[in-house]
């Protein structure tokens, strides 16, 4: 084995019932390299990582790890860790009931001379780590008190601190804001300098070009090629991922407000929910796409949840199509023609063990009422239609949704709302964890629904460009309050300025 | 072989297989186990006993399955609720304070409906605690587990209330001229109603959604609390019906003994039917087969003359064998071993 | 960071429990002052009577922390008591030998249950229910009658059971017959406290203890973080059965007898105590201090009902259930309010 | 409110008396507090027993009864007795759930100077109680055997094949009745085909009998149920299986307890013989306490008189050697309306 090589994976195959997730995949990681693993949703990236770290057993193929003679098979994450492979998996995987410090150190707690856990040292070290990441948090309280973003940072910090030879990061940036991503990159570069090999999975092309050296592309579980970043322009990379030429993002253009009618669909005044969002106003017209922007944790989700009734509004008044509406439960909102794609897919979206079909028709069924069951044939028809339309990669419509890759799960949830034919659809981070091809698809779809079906859409995204491309108007949020509204000619700079509050 | 493998993939394969296994032991032990004859105008035989005596557990298992599915927890009060509704029914039929009557104080139907209503009410209380106050199911139902029998005893003025009125015995024994025990019909009716409810409405989908991810279900327009509540009420009603059947068998309300430890059997039935006690997806048919499997074990032990206080040892061993055979981890291990053997053979 | 540390919800639950206990005890002292409820010995009796339960509840808490449950404990205690008594009376074994034998049996019992739960991934409720049937049946297999240990059978064990540890004399009080009754505890109480303290330290300061919390918090995550979830679950059951065996010995020192129906429903007492003490059945939250107060609360409820002495059998059960209900609802309301405030 | 109020009953200590003084001026002097730890409430028999004790120690009779229902939990009973000591009662009455394991706690009672009276079930591993009142279960079993022997002779049945439905395993009633009957069965060479636990319940009796009817169809002619509830269940099961029983039937049915409903069945000829187990120990207890109050010594054991009931007027009496080794002749009572109404 080459001195410089940390890991080689050869001809790795892995099948799940009905899906061939990996088909003779190849992968090589060298010392001091940041290696991007790219591919569409469901290409098999996460599976490759899980095979490497012993979460799944492999069907065929060989794995070699530096410092170990012969082929290696890890049977558990623990074994992988012992071989110097530290991993942050795609879904945040920490124990919310333990303190931040424990989450950082569990499995390798500092010990006192008599073999008990040395809490003082542990807390001290933990504090150093979070301080190093410029997080202002108390390491001695339970992790569940902090947001998803912070949890993600802690998961990363845990892996980084593990003194590993190989660090694997599976979509760590999907819930981080730019500032935090920058911190992460700094850490990654430091490790790289120390000779650690890093596997980095992301759907953000900019990030790949910012930190990575090498790119391996997977397509439908197969190895599509390994490239060095310098010799791989964006368009070619996307083409390699999709296996076809990529019609550029430029093709998404706003029609302007020409199709927007004057009918106000939703009109909220003074809505608020104690503890999460201060009173705000909101208005949207038929066929309009409106954005909500702000920093992470600024209350974007909270604002739309309050409109939708996921958190019951305590003050204010909501009019839908001119009629006053008192939303007690999300069902009332659905009946009034609303739909809400939540940002936390795992907790608020997917019904894990249920099939793709059942997940798709769920909201429609709820809208129809319990006693008007949608006939089986109709259910199949709807499911097939959306699997086809959104190109959901699934073995069959009866596959449980939790066996789908992250991005495809998101598409199923979108299908759930589309099939209720809402007048007003809230998309909260619909593109989080979604590959570039599908992202564009989502943006196009949003515009198409607005234009052709006259749907009013709220679009929330951490990527300002995405919102610029789709929205005609944006509400600006800061610290749990609505602080303004911008419209007209918007640029990245003007939006950023509004978010930062420089304009006041 | 291919066909068998396909069969083995069916979700109900294992529960049925286990049931057959238990019955097989009987055939070996005593061939006349399966003998059914008409005796005294009614069907007579061990198999009939299993169907007859298993009815209460089957009825309870129906309700328990829904509760487990929707709340990932178990309702341990069903045994006490059985007793409570039996007492409620008999108290009304006898009139408060009378401990033995041969004339009913109110029409029989009224008494029975009242008993079922008591069951529903208990279910509603459990449901409210679990759905609204978010108390863990086992803890919430612990309250009625403790108090149910006691309230029943109070209703019966601290004594066993006998209803020595011939038609009252019909429900738990035989209808005149009908050779099949009535509890079998009651079980069939309860199972049928719940199955139709699940088939013809979206309740099944709702229950599973709430059981798997109640937050997501709520966002999708399902009123999680109401669905959870409904399941507990159904479970309570099932317990009420089972209680009245049990009471009719002995034409009395014996608050201490009606439904004693039935909650364990009901939960066991759900698990033997291949359902996860962690909630979510469920299979009603499995639970029902599980219920009759348990009764088959009990009847077998009785037939073999194993004394009731030692019988649990055998019951435990059978249960463990059944659940181990069903365990995915065990299946995977066996599959791996088979593969290993095959590869060794190939190599040779 | 030191300023105004947020109390985490687990600690709050324990404080609620302790506060409720104190309030209830104070009310009891007020109402039943004339019946000696306020005597120090009444309190000590709660400890003496529940020494075994405290051990069992510690074990139960450990299992519940992983998200599991162990409903075999009541039957295991019955089996332990029966075996202890039978061994000492019929086989004429020594007290120490029997104690060791019981502990070994506990370990084996726990290992089997643990293996089934941890490695074969069978639901703990079902495994321990089978364990419950098994142990109860075995009790009858060992002996289906009622047997007891007398001084003649085994003087050592008899001495253990009857030795008193007197508290300082000035705490004593004269009873109606003019005798100064010095408050005392039995050695069982000391053992129970030792177990309590050891388990508390284990949960807080050992890797295994923290693993229990991690597994209960999120099993998937624990696996992904490289913990051996299967082993942890198995060991939790071993620990529970071991503590249950210790509890069984203490129980036997209290009752000095074995019978088939002994300790029926004790598992529910243990679970209820742990839950009242703030342990969640879903796992990941709780600690043994809370569980201890849970035991004290259930014990106090019993004493209150007994001291009243006017309740019909049914009312006694209903009173117990009602108090339990009030406790659980109060706790849940506190938790809901706190969750809302946190949001 | 009773702590120091018992000054008349037992010499009260000064300090104690002052403490309780405020509590009750009205209930002067001679209220006697009694703590009663009852088994539970599992049967009509038990309810009758509880009621008799409660009636005997009513406030009207000058008692303050502290009643604890232990719900068949032997440890709860020990706890309750400890609590009585703390509550400083004058007397403790125990119906022990188990016959063993009492030494420690009875020592505590003794230390506190509180006399203990045991009723119904027995305590075997300690003699630190002043008196016991109850039934001689062994005699009930012996009487049933003696009756069956005489009855079979009178009827000319010489091949007796017996099925027994036992009571809860390990209870003194089950042990006594089983042993007593078995003594006769062994002596006379009757075949006991099977003997299973029916748990003293109707459901249990029914289920066991259902099984018997299949396993021993046509092979048995005597069924012994160890209480009336089991007999009711067994009757239903036999009826369903088409087996005739009772006075005109193929099967002789023997039962114990002789509660009201049981005697009604004896009267109608469904049950051949019913051996009473008398539950009303209350007045006996009260007598003992009165004697103790007066400083008299009391008998260590008091057996209650228990009548034997039969359906047919064939045998006037039975003679057998009772557990105390005495040969006794006891009358058999043919049940009348008056007898069954008078029962509990």
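Which chain is which? They are A, B, C and D, in the order written, and residues in each are numbered from 1.
The criterion applied here is as follows: a contact is a pair of C-beta atoms (placed from the backbone, for glycine too) under 8 Å apart; a residue touches a chain by one contact, two chains touch by 3 or more.
Predicted model, so just to flag it, every value in this text is computed and none were measured.
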Subunit B and subunit D share contacts with C
The chain whose C-alpha centroid lies farthest from that of subunit D is chain A
Subunit C to subunit D, mean C-alpha position gap in Å, rounds to 34
Cα centre of subunit A to Cα centre of subunit D, whole Å, reads 73
Distance in whole angstrom between the CA centres of subunit A and subunit B is 44
Flagged in subunit B as touching 2+ other chains are 153, 158, 307, 309
Residues of subunit D that touch at least two other chains are 40-41, 169-170
Multi-partner residues in subunit C (2 or more other chains touched) are 140, 144, 260, 312-314, 316-317
Chain-chain contacts, ordered by label, are A-B, A-C, B-C, B-D, C-D
Residue set of subunit D touching subunit B in the complex reads 40-44, 47, 169-170, 194, 196-197, 199, 201-204, 206-208, 210-211, 214-215, 229, 232-233, 236, 240-242, 260-261
Per the touch rule above, subunit C residues touching subunit B in the complex are 69, 116, 119-123, 125-127, 129-134, 136-141, 144, 260, 268, 271-272, 275, 280-282, 312-318, 320-322, 324-325, 328-329, 332-333, 335-336
Given the complex, residues on subunit B that touch subunit D span 39-40, 42, 44-46, 49, 53, 99-100, 153, 158-160, 162, 173-174, 246, 249-250, 252, 254, 256-258, 299, 302-303, 305, 307-309
In their shared complex, subunit A is touched by residues of subunit C numbered 1, 5-6, 8-10, 201, 204-207, 210-211, 213-214, 216-218, 220-228, 284-285, 340-343
Touching subunit C in the complex, subunit B uses residues 73-74, 129, 133-136, 138-140, 142-147, 149-151, 153-154, 158, 264, 267-268, 271, 276-278, 307, 309-317, 319-320, 323-324, 327-330
